[in-house]
């Protein structure tokens, strides 16, 4: 196996709270040593001066579209896009066609990942059969097949009794239940955040209240049954407050927030760009501030992209008809670097929320540069400026609100299990 | 001064509105001639791209275009490929290849004219998009009010009805405020959009208070599908609380005028006899619509020199 | 409003003539020319009852009014005076990025079987007269059409000849020739002023 020495970078290892200039030696797919001036004989040397060296990012929330919608993305293209964004592990949602609600489907996804994806892929299985919110899936069998969590994602389970039983049953498999918390009745046909922007645009509005009430419901259910609830893409001030209060009460809850909900407000939709249409919608500036504060104070554990590829012809539809979602992998680091630049998070704490915390939530390896750990490593240049062109990216789709924008900070190399899979000069290897 | 497209009143400067109204005044004279036609847009092609049924607005644009000697072609949902799930932008690109000089777009979803304008080389005029804007309606309303009242500055305009779903309301709110009027809205609370005060209006749930001292009373059409259900309990309740009749009109100024963008649900938004009341200017609105659309077409269509070869 | 008492030096003072401008026809000269033209029109008109003066705005409007008053004074007839904006009939509408401002049209009656006299202040290329004739035809079928130009500056681009000329003023194509009044808006004492090309910048 290859021996790689990453030399002279700023090593950021949240698992051991290490933040110092050091070398990292990788051998046989594992971290062999971390320290100053390591012996480099017979190792490939990667110069990392001026760069950050951190555990590979772990994305709790992605849509890889395979099987069923390979024209948008497949596990291979999604995996390549992931490693180009520094993600060494991605959890993929169950809303494929067919739905991942059966161990055979989980097997299929893992097989395909083995064959085609440079990133590790962890399937999230459906919580109910067909994402219909009625009959629970066979969580035991799915877990045995490799599922790491259960979720109906965008098809929020509206029946509180079903959600209660899903949460109860999840205790059997000790996996988190991930909720896309939006009351679908309150959302109605809403496509932009309710407020001055929806009024100006004249588009159907989706109130943040729809998220708040569902977060509160699910927190109460989780509290009652004592299960691990993970709240996906928190976007509202009310949701952040509810989660904070629940954590204080000792509810077993974790939460994620997306780069877009940390960086963009609903005003991004003012030109009717369907690439700003996402669920939950981009919210007000006050909501964005609350999400950032929640990420900083630990109310929200992780950054997850909700990478959701859609084809150009789908996003060319009317704003109400275009599917929600946007690409996440390749812009995530550059976008969230803003938190470091504004001194809201230290580089080490940002890395914790990109890797260590999400790995812990799904109880998978990663998020650590301790000796003997898997050598999933990312090398980052926090100062590199570049212009994002989704057409030149690895996703099959191009739906990004950052298309054509200048980005600050970039992933320069990604290593999965000791094997370099991406570098900025050569692309995905 | 007038941009390439006319997508909304929100984007217009007051001077541009003045210019359109001034031009419409002269266009009205053309409509009074025996030969109601001038050669201004001869050889130009106007495409009416209507994704939503509309008789009045389409006819009004068609007459306006023809009075300026343009060739007017109607594309509507029934007669084109739009039902084949082609994306709106593909439709726009297809149209662009036919080289129109101006495209008039109506669509049931907000933002479609803007997005079509983004890909089309021809100028786009918004003829109504979802609950966003209907700029030519607001312009003709401004024109009608100014003709009747001699001014807009300092007037009080009360818009009554389903503000939430109304593009006419939004365009008129922008237009009347830009021209110096005070705009009030009155509606059942579920029909008042979120943060509506950010548009610069005062919202009322009491019709009487909203009408108090108003110079202009503008009733909006309530769409049939919203007459009962989650927005309103019933027609009867709506007309009893927000219908304009002689009784409620007494709260407005004595010389207040009554407007309605049409088509009217008689007995719902307006009492049966109000539409024909001496203060009703509803038919003037229709008449003035042609002059306004001629003005807009004149100021926008075919301004750029065509290149040969 | 009545400028008859105003002499030419007053007019020039109020118009604030700049060094690169010169007055080629003052108020007295204008009124003298219009009186002569009124006589010429009377001489050539077959039926005064059917005479119809049509002014091309803006400059033609005060001139047509003066001509109308002169005809009343000389022959005691009330000649109809109309105003016809030619903008919508122009042949250069597609060249500019900004559309020209429209002016009022007020045609008090149809022109069928009338002896129409178009009145313009300054005639150069003939394109405005061409537009005016097209516009006129939309108001009926005149018996004859004649043209008054207070100033003929040459440079014709269309086969248009003037029937009545106040004064021939040879000019350079780039020069600007215009009628103005000392009260603004073509009111008060009138004069025709030539401004040399430097004043106009590069715009032809």
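Going by the order they are written in, the chains are A, B and C; count residues from 1 in each one.
Just so we're on the same page, a contact is a pair of C-beta atoms (placed from the backbone, for glycine too) under 8 Å apart; a residue touches a chain by one contact, two chains touch by 3 or more.
As the structure is a prediction and not an experimental result, all values here were calculated from the model.
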{"item": "Chain-level touch network, classified as line, ring, star, complete or other", "value": "line"}
{"item": "Centrality ranking, top chain (CA atoms only)", "value": "B"}
{"item": "Distance-maximising chain from subunit C - centres being C-alpha averages", "value": "A"}
{"item": "Rounded Å distance between subunit A and subunit B, as computed from the means of their C-alpha atoms", "value": "45"}
{"item": "Whole-Å gap between the CA centroids of subunit B and subunit C", "value": "40"}
{"item": "Separation of subunit A from subunit C, taking each centre as the mean of its C-alpha atoms, in whole Å", "value": "76"}
{"item": "Residue ranges of subunit B touching subunit C (in the complex, touch as defined)", "value": "1-2, 19, 22-23, 26-27, 29-30, 33-35, 37-40, 68, 298-299, 302-306"}
{"item": "Interface residues, subunit C side, partner subunit B - complex", "value": "85, 88-89, 93-99, 101-106, 110, 134-135, 138-140"}
{"item": "Of all residues in subunit A, those that touch subunit B in their complex", "value": "194-196, 198-203, 205, 207, 271-272, 313-314, 316-321"}
{"item": "For the subunit B and subunit A complex, residues of the former touching the latter", "value": "10, 87-90, 107, 109-112, 114-115, 129-133, 167, 170, 193-196, 198-199"}
